[in-house]
Amino acid sequence: MCGIFGVTGLQNAAELTYLGLYSLQHRGQESAGIVSIDEAGATHARREMGLVSEIFSPDTLRDLPGSLAIGHTRYSTAGSSVLANAQPAVVNYHAGPLVLAHNGNLTNARELRDDLVRKGSIFQSTSDSEALIHLIARSDARNVEDQLLDALERAEGAYTLLLSVGKTLYAIVDPRGFRPLVMGKLGDGWVLGSETCALDIVGATLVREIQPGQWLKIEDGEVIDLPDLAPKRHRRCVFELIYFSRPDSIVFGESVDRVRRELGRQLAREHPAPGADCVFSVPDSSNAMALGFAEESGLPLEHGLIRNHYVGRTFIDPGQTDRMAKVRIKFNTVRHVIEGQKVVVVDDSIVRGTTSKLLIQMIRQAGAREVHMRIASPPITGPCLYGIDTPTWDELIAANQSVDEIRDHLTVDSLGYLSLEGTLEAAGGDPARFCHACFSGDYPTPVPGRSRSSKEPALID
Amino acid sequence: MCGIFGVTGLQNAAELTYLGLYSLQHRGQESAGIVSIDEAGATHARREMGLVSEIFSPDTLRDLPGSLAIGHTRYSTAGSSVLANAQPAVVNYHAGPLVLAHNGNLTNARELRDDLVRKGSIFQSTSDSEALIHLIARSDARNVEDQLLDALERAEGAYTLLLSVGKTLYAIVDPRGFRPLVMGKLGDGWVLGSETCALDIVGATLVREIQPGQWLKIEDGEVIDLPDLAPKRHRRCVFELIYFSRPDSIVFGESVDRVRRELGRQLAREHPAPGADCVFSVPDSSNAMALGFAEESGLPLEHGLIRNHYVGRTFIDPGQTDRMAKVRIKFNTVRHVIEGQKVVVVDDSIVRGTTSKLLIQMIRQAGAREVHMRIASPPITGPCLYGIDTPTWDELIAANQSVDEIRDHLTVDSLGYLSLEGTLEAAGGDPARFCHACFSGDYPTPVPGRSRSSKEPALID
Amino acid sequence: MCGIFGVTGLQNAAELTYLGLYSLQHRGQESAGIVSIDEAGATHARREMGLVSEIFSPDTLRDLPGSLAIGHTRYSTAGSSVLANAQPAVVNYHAGPLVLAHNGNLTNARELRDDLVRKGSIFQSTSDSEALIHLIARSDARNVEDQLLDALERAEGAYTLLLSVGKTLYAIVDPRGFRPLVMGKLGDGWVLGSETCALDIVGATLVREIQPGQWLKIEDGEVIDLPDLAPKRHRRCVFELIYFSRPDSIVFGESVDRVRRELGRQLAREHPAPGADCVFSVPDSSNAMALGFAEESGLPLEHGLIRNHYVGRTFIDPGQTDRMAKVRIKFNTVRHVIEGQKVVVVDDSIVRGTTSKLLIQMIRQAGAREVHMRIASPPITGPCLYGIDTPTWDELIAANQSVDEIRDHLTVDSLGYLSLEGTLEAAGGDPARFCHACFSGDYPTPVPGRSRSSKEPALID
Amino acid sequence: MCGIFGVTGLQNAAELTYLGLYSLQHRGQESAGIVSIDEAGATHARREMGLVSEIFSPDTLRDLPGSLAIGHTRYSTAGSSVLANAQPAVVNYHAGPLVLAHNGNLTNARELRDDLVRKGSIFQSTSDSEALIHLIARSDARNVEDQLLDALERAEGAYTLLLSVGKTLYAIVDPRGFRPLVMGKLGDGWVLGSETCALDIVGATLVREIQPGQWLKIEDGEVIDLPDLAPKRHRRCVFELIYFSRPDSIVFGESVDRVRRELGRQLAREHPAPGADCVFSVPDSSNAMALGFAEESGLPLEHGLIRNHYVGRTFIDPGQTDRMAKVRIKFNTVRHVIEGQKVVVVDDSIVRGTTSKLLIQMIRQAGAREVHMRIASPPITGPCLYGIDTPTWDELIAANQSVDEIRDHLTVDSLGYLSLEGTLEAAGGDPARFCHACFSGDYPTPVPGRSRSSKEPALID
């Protein structure tokens, strides 16, 4: 997953981008970058491994002049955590310098890459975004927009893009609209970002969300809508609302906090915990869900787990300290809340189940009489192919175990997952507009590299 | 304010201390240090400016061998944020190497220092702890304990100490007991820390709290209680429970979360907000108070403010970005919660009022119809002289303005502070056992450097 | 200018490359890099701005496994001192991962680049080496060697290359042979480097110099000579012998120290300084020349200037300190050698004349009665187009002033430059085999970007 | 060994001190520090491990305001290479802030320390300078000068000091004058430094050398000579001239370059090498000596060894590379100079003999027919007790082997050491004024911690 941010028409573009990335840090902590385009059209880049606050300083921002800037935060994905993959990408091609920030994942990246390599393209990163750039550069079209179209017509999957050629800024969302993008106004300039929280931090006013298939360009201060890309059924990522986005953001037209509260309420309706004493969240991502659960169930809300926010780059030597230190460094129990109680623990989702198991153990050690786990989304039975770094089928606990088996594995007294229907209903709007492939196996694109099997989902779009 | 941690009798003492400091990071972010004592009695130190997670690494911990270690995290205090003040202090004196970590503040430090300097002592830091060490070193007593007693008899104010001489570890709490200290057992060794959360992170079991005036030594694996210091009226810092300690800790025998919930309830009783639509906290320190307020008042709890936890060393160039960016980088509003609503905002305290004013402005911009501010402690009318870095009288808003004036300054529709009686009652136990000088002016020790005036509190102990 | 180094068939390839680069640091201090290829054929890279000793550590070398490694040190060139230009380049193309280290400069880089860009290639750096890689990747040839040949046939200018495709190492020197390359044997493996000093530091034995137009590959421990590139008249860079290479190296079959000594002797024959009291060098590059001058002239050799070798990344604030500090930080005079004396100062060359002028001023301040400057090479009247970072015509003092004018500008009593004939003769071997374009204007390739003028040289090859 | 530098009366004192330390880097590479005193009398310090060029930057110098500054570079000494020992020391005592930079070594440091500790002083470093400060602070005298005198009367050994109390700068040289100190004038201010090269770099004019036993203070721009310390026989360190000081400095009234040239000449007279083909130095410390040897002997001077000056913090993994890499990284041979020749190698001294042995081996590998080693000083038979970090008796080769044994150990054909008489004569002035204890065993102070033995020198002063 990634966060992207762009500014045009404002003198301190790089500093605003810094603030924007700062508010999108939750979307990617592996690396971050800002590229600015100065008045003469020259690009200035800084991309590094690490957090936004570690990479940029007043000095480094001063080296990024110009009124147009694009920024990117990148999530850590196994095997490719290298500087070469940090974005925004900057290349020179026949139309001039091109800067690209990509949120999402191309599902046909392998094919595109193989084809490009056959034709003599060279690749300097392992990111799928590089294929996109080659397609643009190799297009025979005369003008930039046609080159972009040529490239996008061959791209399959998720791509929410901010890119600039010369001093023109483009914003593009793929026809299925997996990943969000919003536009705001600030003074005489324009600001684009993955979530509304990035507009808020710079004080911009939300103007509109870029809808699936829309693309626009901003040139000389004017926003021009270009003809929509060929339409496909919308597939907004429901996991953005469940987990990924910040609760203070509006995503896909919905208040994330509102959706999560409703997920909690729906969870209480589907899986109440009648005899329990209290309910608490695994902070912070499940706070709104636990509150919703409490409201609906009438159980008292408690703070049973506390999260340490000074985590940073903490390390633990596995040889020297016990296994539990891994989770203790991030969470601690509030003993008087838990001791002797029947508690309901609300979490947003279970991926591998490793942390959950340790958390439950910690809650047991604090003296819980009964532990009832409630998950405000369905079991994750497949990886995301569209930009979220979920593990493969092998590692996903719900792809390999039944709910009863998971309950036993976690050693909880009961375990309830929210139904897919309940999830989509709580997410608001038309339930058909969502991608929920990780829960349902209903992947909107062909699933590469996996032969059909009984366990595997049918591919429909 | 500071956090202190000590380990003895455990092979990976420095690594455990690292974890302990990690959980005490909230008590001080300016600098941190660990000193270990190896089998041969040699000391190994690492002290640096910055966060625990930045200062230590597997490599640096490997350079801190031994089964005894003492750690310290130090809070940023104006004017003296220098490496020379980082602790634990390590000195050589006639009884050998002495390592000292101090939480608290000596109120007669100036006099002690002046006297010592007159006698030819040299000072390399501006910390008051250095005076303590000189007193120990200059004692004529033969054995270490008598030297410590000589020194402590001359020290006035707050001192919770972990210190070692040779391979003996001492733990001392001043007779008034301003600052907390707890002891736990881990395997064959012993662990001491400012709060129970530091025992939890290493998996130690709480054995006891070190009470005011108690001191003990741990030698060859055995805990020996030494005769109590001359008794004084207990003066546990009530602000530890209100704000400073972690909610998952047990401090002065009370669950911090429990106390804060009760502070919120009491606040609702004293200052209800009858026509309001909802209540929310200024996260995270006031979460429990807002929950208590909601429970007692029957108002629905909301998450109206979201806190960005990736703050780190963020900078903002004041010349380039607007004044609001300062608060926006840390907080954002959840618009749909606030828009058109009459909201109650619960905070733990108001110091200068600067952040509160910006927060209220932000809440107004999100469309609040009415804003009712509720503070879960009394107005702060004086600085803390016992180790918390509150500003001087000049900067404390409540030392200079009435509640009505503050209400107008913050532009809230109503403002309610919890009474001192309500505060002490919620804090649990005997109300007379607390220090509440910052609220009441009832300083338990003489107040140095301030002439008596009508505004000034009477000094009673 | 750059230094390149390669190893194959030796377990600690990256560590040997580190040592090799270390000895080639004088050839480039802007950035350095090592790329290793492990047993599975995967590439591991580390490239950073800075010195070899700053970039690599035992830890970083451990992350560069494999028995094949290529290294590069890059010289600071104006305007493009960015990480993207650091080498070796690593790309993936249809034949697999390709690693390239390039010493030299392609004179038709602009045209190649324009043509490639027109065909849809994208450029991520401003280095001319990237064009070469595109040419290789776009070749229609089936096997790697034919692809290389396709690319090299289009490249004009200077290219001494070490490159690997898969686990095969290639070494190539362009047909004119501007830049040196030598091969040595170490145990069961092979070592290649820009100068013999790089073989010496790893303890390898010199096997041969790679001659102009030669290329070879090393595969499975065997060295295979490939058919020579189409022959051109040799044009070995005479400035390598005068200034660039280390005196302990053998370059183009000549001992650099021997050549420099002979340059000094010839200088004394052409421009004696009859009444002078002594001769000294501008250390360290002119030490051998001053010794030769002393031997031939019979004047006593002195150490009149001392060089501070702890220079590192020293900075001087131009606003605060005087102009002379710039040179004083690097050089100091030995007053008793100079005071009241008629001195001969020998330097290898004069580029802009800025440092020389300050040095002469410093020598005057030390009390010299007469200063006679002797330069052991001809006036530099044009830039190098083949990889040495000399400035453009505008900045070269000898491109704009006569020898008499330069003498007056430097305020020396006399100034003598070695003749081109004398230079070539001292350089050894056939005088016709050298490139001396920077002295003579006799550029072996077309000079891009400069219209013919009376001042400009005729282009002959 | 250390370098010290001080400035007073000049606005950019810290920047000048930075330049001064830069030129004194050869006197100590372990740590460096600058302390400035601003107009209000407050001290500002920066002390770190590492090189001057690594520690200071425009930013860090800006944080060192004021017109008075003292700087220090410290040599790496085994066992105490820690930040706590970095100087200048800054302490507060009853006369105010005291800043001290010390070059030299107190021979009674142990006793002073023991006595002070007994009286209750605490020590935070292992440096002997801390004892001096305690003595000053504990003096009963009323004014600062008397306090200094009290302290100095108890100090035995070598102490060349720059210190400030308030805004007064003091410069002190112990009565024996082991270590040099010079004063210069720059504009309206004054500059003090260990060697004249430090005056040269800032453009100051040499005013005088501070003679043994002299001390002075600079206050309000005026230099005031204070009454000399109780006189003792002068004992200037002859090794300063042989090795330690820079050749461009004037030390003890002598040109270091001149002295070294004369040492080389005298060496040729005492130990000629009649049948040899050429002579060369171990660069750079022996360059002048080799030149003198060549002049006197009539043998041709060559550059047979080249030194790599990019050494920095180079590391070599002893497990992976051969033993010779250690010396190869610093030196290389010039093969054509050596091959088949009978060579004379001139070095300034032999300490452990380890590097010499490897160098000789390297020269043999380059094909030398005969190797004749000539040392321009006597055998080092004892450690320096006065500030130079020579090893103990056990490690000094000449303390344990005869000249013949050393010759065999080094595998040279002949070995000649300069006589003590020859050394002192070449050093200039009165031979009786030098300390040559490391050669002669004639220690001017009692030798602590070593019982009398036949091998040990009689102690005379």
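Lettered A, B, C and D in written order, each chain numbered from 1.
Following the convention adopted for this analysis, contacts are C-beta pairs under 8 Å (C-beta built on N, C-alpha and C of every residue); 3 or more make two chains touch, one makes a residue touch a chain.
Not measured: the values here are computed from a predicted model.
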Graph separation of subunit A and subunit D (steps between touching chains): 2
Intersection of the contact lists for subunit C and subunit D: none
Greatest separation from subunit C - chain, by CA centre: B
Gap in Å, rounded to a whole number, between the CA centres of subunit C and subunit B: 61
Distance from the mean Cα position of subunit C to that of subunit A, given in whole angstrom: 49
Distance between chain centroids, defined by C-alpha means - subunit A, subunit B (Å): 37
Multi-partner residues of subunit A (each touching 2 or more other chains): none
Chains touching one another, given as label pairs in label order: A-B, A-C, B-D, C-D
For the subunit D and subunit C complex, residues of the former touching the latter: 12, 15-16, 19, 22-23, 25-26, 29, 51-54, 57-58, 61, 197, 200-203, 246-248, 250, 255, 257-258, 284, 287-288, 291, 295, 300-301, 303, 306, 308-317, 320-322, 324-325, 328-329, 332-337
Subunit A-touching residues of subunit C, taken from the complex the two chains share: 89-94, 98, 117-124, 133-134, 137-139
